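Input: structures, listed below.
Look for chain A in each of the two complexes below; its partner is chain B in the first and chain C in the second.
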Partner chain A sequence: MISSALDGKMTPGPREITSNPRLSDKFFRAIVTSFGFSALIILTLIGAFLAVRGFQIFKSEGLHFITGFKWDVTIDDAGEVTYDMGIGAMLVGTILISTVALVVGVPLSISVALFLTFYAPIRIRTFLISIVDLMAAFPSVLFGLWGYFVLMPMATYWSKLLYKYLNWIPIFDAPEKFFERSPFIAGLVLAIMIIPIVTSVSREVFAQTPLDRVQAAYALGATRWGMIRTVVLPFGTNGVIGGAMLGLGRAFGETVAVYTILNLVFRPNWHILYGAGGNIASLIILKWGEATDLETNALLAAGFVLFLMTLGVNMGANFIVGRTLKSGK
Partner chain B sequence: MNSEIIKPEKPWVLTPRQVAPRALLFSLAFFATIFTLNLTSFNGKLGFFFLLFAYSSAANLTYNVRKHGRKAIGESIAGSLILGGSLVVFLPVFSILFTTLQNGISGLHFTLFTESMSEASFIDPIGNGGLLHALIGTIYLIVISAVISVPMGIITALYLTEIKGPGSRFIQFVVQAMSGVPSVVAGLFIFSSVILLTPIKASSFAGALSLAILMIPTVTRTSQEVLLLVPSDLREAGLAMGATQWKTVVTIVVPAARNGLITATILGVARIAGETAPLIFTLGGADKVNLNPFKDYNSALPFYVWKGLSLGTPESLARAWSGILVLIVLVLSLFILARTFGSQKFKK
Partner chain C sequence: MENPDLLEEKIMSTDPNPAASSSAKPNSLGDISATRQANRQPGNRPLGSGLEARGIHAWFGKNHVLEDVSLDFAAGTVTALIGPSGCGKSTFIRTLNRMHEFIPGAAMAGEVLLDGKDVYDPGIDVTKIRLQIGMVFQKPNPFPSMTIGENVLSGIKLAQLKVDNKDDLLEECLVRAGLWSEVKDRLGAHAGGLSGGQQQRLCIARALAVKPKVLLMDEPCSALDPGSTLRIEDTIVELAKNITIVIVTHNMQQAARVSDYTSFFLSDGGPGQMIEVGPTSQIFSRPVDQRTENYVSGRFG
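Right, the complex of A and B next:
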């Protein structure tokens, strides 16, 4: 008996452990899976529709659509339409404003995140965290109103001070002394708007700092700042960078607040204090009202460029944040 | 036996002896600031806060270095900077709430919630008309986009937590990318697809579609966090009792996470209630009450504010501020609601 079993032919292989789902479960899984992929479908559709609508413009303007600084559509007497549309100035402006927002917003966010994680007493902490979350829920039109009527008078004064003492630095120079509605002020408002997201990502990352390292630093006699400098910041740097990139994505796409504050001008301006700037999202609502079909398509093309920019920045950011959060576990 | 209860010690609480020098230093810095402001060319609120911050940090630094030696230098400077930075961040929040209240109250009147702007114009005296149409429009937008995006968001979250299919990491990535879609792009997308290609024209429904795109990622991510908190014992118990997976999910997992899912919905609504940009392309904008969400232009609170803001006369601005006050009260109450639901733990 035994020998025949060892011969091989009779030996049954290990039993396969399967769970064959029932019909109802198959349905359930199919439905849930198809819903799961809906996000992907929506995202693809957004890209596809905007690209198709903008195709005509991309084809006729080519790379000039990105690098051109004009936005002219003229219809001559014969009914012939000539146009020259480019979002170069808006692109420059978007990047400039977002940079101001990051330079102002990120250090503040880091200090709030550190304060909330390591300094604030517990009772105040929960209250302040709700306030940061509430800040994220403020409507952007409110930031626009507040920025225009409350912040602008103050910020114009700050601009004058900066101009007076720092105009030897090229970006703080200005061709004329017109400091209202400048990229600087729009950037300040954007900074306040991105602080919640940058803060909450940084806070999440700081809270993931391995406790044993924190305790080890204290046990070696580190002060609180010494511990933060040697343990928390090296661990959290990538997460903070990711959070800042998420904030950058928000800053790229912010529309109403920037439109309220910024003075849109179709020429590139690198002087942050000077009241002339550009922003792709604001361009879209500025030109939307009286846009012809052709211009509408151009605006949709501009929307496509904006979509690609934010998508790229966001994906990079999520990749970095996800990796950092995982490394703490 | 001695029944005296021992009073617990709290060694971390500052004693009056420790508080006194700090308070003294702060008041010294305060007086020094006022002194400097009066004597030199520094002036204004900016000068005041800057000097106060500089003086009190310096005073703190000297005190700490005298007391603890040189290693307190970094500690003291960093502490001042972090505290100062946090104050700078929280000041605007209170400033925003305060200005809204201050400017919004002057625009409030009795007919605000009972009349629309159909027989009044934005530049009329404030007593005329109201924002009833905008309020109804906003309610339509919230309800329709919630009806669309809450099931989609929650089921997507179920895919990510319950099924954990082969594509779940990828879908997670896509949902995160979707949460970064600018609101203006969502509006453009609905315009270029729904409004241009289907019989549905600019209306509450089209507006709600564009808002749903913004709401789905918020609902998904919050629901996912909540569903992950449901103990896996519950799932295993359901399966061990012989339930199929869908019965386990529907009768055990989802009810267990009910409060969290409600929170997810409310947070999603709070995310979209104040969105303005997509509505510019999809809502049209009306001045009278429109009860049909699928046909004809409609209004919404953010749109009302936007209109008042762009007209720019004192009366229209007062209307904008009162509109934003109503909106902020709405968002704030949604927020508090979300907190109350969110703070309830699982019943064991």
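Right, the complex of A and C next:
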């Protein structure tokens, strides 16, 4: 009975709930929306610009642009342009320097973050956090100059020690005993430069450690370090990885500091202590001033490769950090 | 109000063996308690260690939350702390193993004596204190990144204790916590997959693994269903044979079922105070203080 009565009834479609916004609301919404998308639009336009200008090079050089080690452009007497351009050496250098930066910088940053979260008295904590944040705003050319004049003499000595005792490990070997302006020293400066970002992401994640687990560890007679090892680090691993990847993004793109220190050489060098290396961003700034049209396009193509690398690393980092903060694991 | 010290002394002196006097209780809650106490083997006592709190005050910032609480926890007894929310029971229990000091702005006064030694003595290693005075929290808090087995042994690892046979210890603790039969085939599984009641018993097993002399339980069943609650109460009764237990509970039936002594806390808007302590059967049948009477008879709270 009831069902048949219901059957006879027309089921209404879901009602659309709307209300006419005021003019001021509309206006404000339009402004906020357009600004909200501006970052995406600007980034897309830059990427598109790099891709379009670099297209010619990608087409003529193909994969060789990535794997080639030479950077030659010659114009013969007849005005014929021959070129052989590859960013392989620069890619190798970028990876090498960034690896040094991560290996040195991430443990430092984790220690700083742990100290700030669990050890520092509150007043010192606030002060130190602002100092670390200030490091992020510090101009990179000054890091570069400091690295060149202050750090390099010391780091050259450390390089010699490393070479003396560890040269049986391939990456610590060197073809000549020339240790200045090496990827190792550039990586050390970069390590300092990535500390703020890695520290602040790690700190944020460490501070989210569930209190009940912290208490559980303490109630079992854990020391502070024991608690950190058992509870905080397992909880924060993803956050630290994400922070490190954001730092890696910064290390990939760092230009001036590396350019100041590194001896740019167009050949592949896997020896971190040896004073020869490369970095895509430094390549661009090195060649920019004297570049022909064609070479400019090649530099923009190199920029596009860097753009993609940085984009990929940053997106991966955001994904990993976001997963930790959401899942609470 | 009466001096709790004197009151306590009086009770202790007139009633050295609660099991003997409880047989006279007319109250039904008292009867449950009497049964439980009669089941106890007197020969097993005293085990564990005695704990004495003397003149405990507690503050959060400028907020005075606990005023002059003195309580004796005799070795091998179960003491229940009851009282309405906000009366300072949990704060009090957390001063006993020095968990109180983790809260920013928290302060305390008074002494807590474990085997006659002040646990707040500057020369004492606080991690050793927490090893001897274990704690089970309101919300089950196993370490989710560890397996069931690793959770139980986590205290051993944290305190770097030497154990001859970890497998034996693992089994012993899980058996004592009443969880062994349910998890023995999946000790390598992650603890997050257990039910709430199982997780809480896992936390009890974890607390037992470091062989504490005293076990503090802060409303251990408040997040659990009645079935799990009963399992944990059985566990408590079982554990009480050789360990001193202090349990905070909102559930008066639970206090009656598991405890030898009951202490009533109350706050009249000011700092929480300990109103009365005595053998559980007496607190529930003929309490000295009118306020206790009102609370246990369900007139407020």
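We take it that the second predicted complex is superposed on the first by the 303 of 329 C-alpha atoms of A that agree within 3 Å, B and C clash if a C-alpha of one lies under 4 Å from a C-alpha of the other, contacts with A are read in each partner's own complex, and residues count from 1 in each chain.
Just so we're on the same page, a contact is a pair of C-beta atoms (placed from the backbone, for glycine too) under 8 Å apart; a residue touches a chain by one contact, two chains touch by 3 or more.
Quick caveat: nothing in here was measured; it's all calculated off a predicted structure.
Colleague: Under the stated touch criterion, which partner chain does A:T223 make contact with: chain B (first), chain C (second), both, or neither?
Modeller: A:T223 sits against chain B and chain C alike.
Colleague: Quick one: classify A:R53 as touching chain B (first), chain C (second), both or neither.
Modeller: first
Colleague: Contacts for A:Q215 in the overlay, against chain B (first) and chain C (second): which applies, first, second, both or neither?
Modeller: second
Colleague: Output check: A:L40 vs chain B and chain C. Expected answer is one of first, second, both, neither. What do you get?
Modeller: first
Colleague: Which partner does A:A89 reach: the first (chain B), the second (chain C), both, or neither?
Modeller: In the superposed model, A:A89 contacts neither chain B nor chain C.
Colleague: Applying the document's definition of touching, compare chain B and chain C: which contacts more of chain A?
Modeller: Counting residues of chain A touched by each partner, the higher count goes to B.
Colleague: After the superposition on A, what does A:M315 contact: first (chain B), second (chain C), both or neither?
Modeller: first
Colleague: With both complexes superposed on chain A, which partner does A:V231 reach: first (chain B), second (chain C), both or neither?
Modeller: A:V231 contacts chain C only, not chain B.
Colleague: After overlaying the two complexes on chain A, where does the chain B footprint on chain A coincide with the chain C footprint?
Modeller: Common to the two interfaces on chain A: residues 223, 226.
Colleague: For chain A, which residues count as touching chain C in their complex?
Modeller: Touch residues, chain A against chain C: 122, 210, 212-213, 215-223, 226-227, 230-231, 234-235, 329.
Colleague: Could you pull out which chain B residues touch chain A in their complex?
Modeller: Residues in contact with chain A: 44-46, 71-72, 74-75, 78-79, 81-86, 88-90, 92-93, 95-96, 99-100, 103, 151-152, 155-156, 158-160, 162-163, 165, 167-168, 170-171, 173-186, 188-189, 191-193, 213, 216-217, 220, 244-247, 249, 270-271, 273-277, 280-281, 302, 305-306, 309, 320-321, 324, 327-328, 331-332, 335, 339.
Colleague: Applying the document's contact rule, which stretches of chain A touch chain B when the two form their complex?
Modeller: Residue positions touching the partner: 21-22, 24-25, 27-29, 31-33, 35-40, 42-43, 45-46, 49-50, 53, 107-112, 114-116, 119, 128, 130-131, 133-135, 137-146, 149-151, 154, 157-158, 161, 192, 195, 199, 223-226, 228-229, 246, 249-250, 252-256, 260, 281, 284-285, 288, 299-300, 303, 306-307, 310-311, 313-315, 317-318.
Colleague: Please give the residue numbers of chain C that touch chain A in the complex, ascending.
Modeller: Result: residues 97, 99, 102, 104, 127-131, 134-135, 137, 139, 141-145, 154-155, 157-159, 203, 206-207, 210 of chain C touch chain A.
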